[in-house]
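Two complexes follow with subunit A in common, the first pairing it with subunit B and the second with subunit C.
This part shows the complex of A and B:
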């Protein structure tokens, strides 16, 4: 019993710290644990990409992983691919994580999360806002890169749609010397719904 | 709303034979939907002006309105045939074809059992001789049995002349969505032979839906 009290206190402190860091870690499996019940994940395989032009050469059969392997083996061709998405109203977007592989002599990766909002009724071009960025350079081999998002970022689905852009260097040189040297394997968006039952959607009584 | 419901229940579906006729008589290619011979075309309906007014922001995200939206960027379009030559830019969402294939499709993420009420297109058309259009398709298959898909055009929006920046919408009148049986997609149609090039671009399409008719 003398050990029980300190043990319980330690557990309580750990739980407090755990919830205090609240909803801002995507590194461990937290689903189903207190304060993380409302986390949700949406993901895509690499080949779900929308290439910016038909000149973006790629393959996806390197190891049956459905990865997007840049295959512009020389100068020229588009190096920009996109993963557009929407989330339900009232979600908070927390993280975008990107898995891939990058070997020697491959183009550096610039990855951006962007929001495109249009005017509801008028024919003006949309407003594009970059929400977060990350880069992958040198030759890490397998990599996992993270974009953190301000916790106030919530979808406005009447006006906006999101997109993760991945730019694989420039068209001035090859993006990869051989298949599988530079590839995107998975994109994951992590979000939370703080009020799952009522969705903060009650109107005021008049 | 009663008049709206009457209009809705009185929708006329053009039968298969009529659709064949439309395709066969496509002397003016820019009126074609690119859907082949087995496409049913639902007549667009003018609708009740009050109902049209519901294509406005209102109280977004609140449950009582039961209204939602799904967007498709131009650069999400995939060519109807390969190889499909195209270009796209992120900032405006614009996509345009650069080869000979002028139709491209993009899936729309529609919830089950909602009423699609509007289709809106944002585009850029600065070529008087070529227009850009968005056509909303429903493609349905049997629950478990094999069979031909039944394709239905739910609505179409097109530019006209050379308005430059352009947006327009059409009311959609169809039964509730059924994602058990059907898929929904938007088909872009560019000018014949991709005429117009970057002067006719598809930027974005949005459908608006409601949980109640």
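This part shows the complex of A and C:
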């Protein structure tokens, strides 16, 4: 009984301290979202796209989400946009998820995750490799499409650069009859840091 | 024994106070208001006939700019040095070449030293830049650097949060987190900022972007330049 009250007070104080410094207090470089430990997310709005050519017509005022709305209302014009991105070395890429909206009479979407790699010091052309693909067809309305990535895919920023490519049909026909009918709203890359504690930071002496 | 009788309730009170205080900090209630006026929506580059825009009630601070700037300086001195890309980095920055106008028909310049300005007669005067923020950090300030020599024109900058369910398609829930109004600047280079009401970054559900809004009529060019935008968070 004599020990019980001080013990309870100690436990309570420890609980208070934990609560006060808990979920928000981690200061590592990139932390996991609560309840999804060890997973990190990075994302962009649709207008972060790099159109592959100036003929790719777009507009972005359908709603307030900064989406990329294909505006090639007739044949002609580039339909390819790209979202280049970089993750730190040693991260394992798990998924790329794309949100958007697709109405009737719109071009199908082909979405690819690719990497472009060169040799470290030799003058060789980049090698493009497709890592994963997904498609969106018909008229799902709001959609969320997923590209799964092989578990061995880890960024090597000395050699490679990653890009999500979105192709909105072909130039032979309109991509959408009206603005907002076919649009990319958001891209998200999900990754984890495999060696979260040491980050492979033990180095050999030169 | 007497001391023990007193100390236990005191300890309990301390515990409750600590829990209460931490709970208040973590919960961080956000206060919203809705922008439904088509004129205000259009002024932000949004569809006047589109959905209303949710906005965090702007933080109120009646102190002078000098006083608020002194507080900022003190805070940054406490922060100390920061390794590039490391855990001490409490900010993310975008500049001219990160912005994309809201249609490909926009007429604009980025200048030799990378500022963003419109050309007279541009059919689109709004430009967005995605900004990457660290998960779970509390956002603090929206910082804006401009160069403005036109007393009647200017550029406003706002920070937006766009959220959707984590694994399914849906309409986006958009919130205006803060806005820096630069319309009255005309003295050349300027630095202004807005305090961001309580907001924690959630990259699993949301993405973030800043929007530059050049004022109308669009009869000016390099007189109004957006130089840099920074979002500062609490480590």
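Everything that follows uses one rule, which is that the second predicted complex is superposed on the first by the 166 of 206 C-alpha atoms of A that agree within 3 Å, B and C clash if a C-alpha of one lies under 4 Å from a C-alpha of the other, contacts with A are read in each partner's own complex, and residues count from 1 in each chain.
FYI, contacts are C-beta pairs under 8 Å (C-beta built on N, C-alpha and C of every residue); 3 or more make two chains touch, one makes a residue touch a chain.
Source: prediction; values computed, not measured.
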Partner chain(s) touched by A:124 [first = subunit B, second = subunit C, both, neither]: first
Partner chain(s) touched by A:41 [first = subunit B, second = subunit C, both, neither]: second
Subunit B versus subunit C as contact partner of A:116, first or second or both or neither: first
Residue contacts on subunit A - larger count, subunit B or subunit C: C
Which of subunit B and subunit C A:157 touches, first, second, both or neither: first
First (subunit B), second (subunit C), both or neither touched by A:137: neither
Touching partner for A:52 - first (subunit B), second (subunit C), both, neither: first
Partner chain in contact with A:100 - subunit B first, subunit C second, else both or neither: second
Partner chain in contact with A:177 - subunit B first, subunit C second, else both or neither: neither
Doubly contacted residues of subunit A, that is, touched by subunit B and again by subunit C: 54
Residues of subunit A that touch subunit B when the two form their complex: 50, 52-54, 80, 82, 84, 86, 89-90, 114, 116, 118, 120-126, 128, 156-158, 160-161, 163, 165, 199, 201-203
Touching residues on subunit B, where the partner in the complex is subunit A: 55-57, 59-64, 68-71, 73, 75-76, 83-93, 98-99, 109, 122, 163-167, 203-204, 206
Complex interface listing, subunit C residues touching subunit A: 4, 7-8, 11-12, 14-15, 18-19, 21-23, 25-26, 45-47, 50-51, 53, 85-87, 100, 102-104, 128-130, 132, 134-136, 138, 160, 162, 164-165, 167-172, 174, 200, 202-204, 206-209, 211, 235
Subunit A - residues contacting subunit C, complex: 5, 9, 12-13, 15-17, 19-24, 26-34, 36, 39-45, 47-49, 51, 54, 56-67, 71, 88, 97, 99-101, 140-144, 185-186, 188
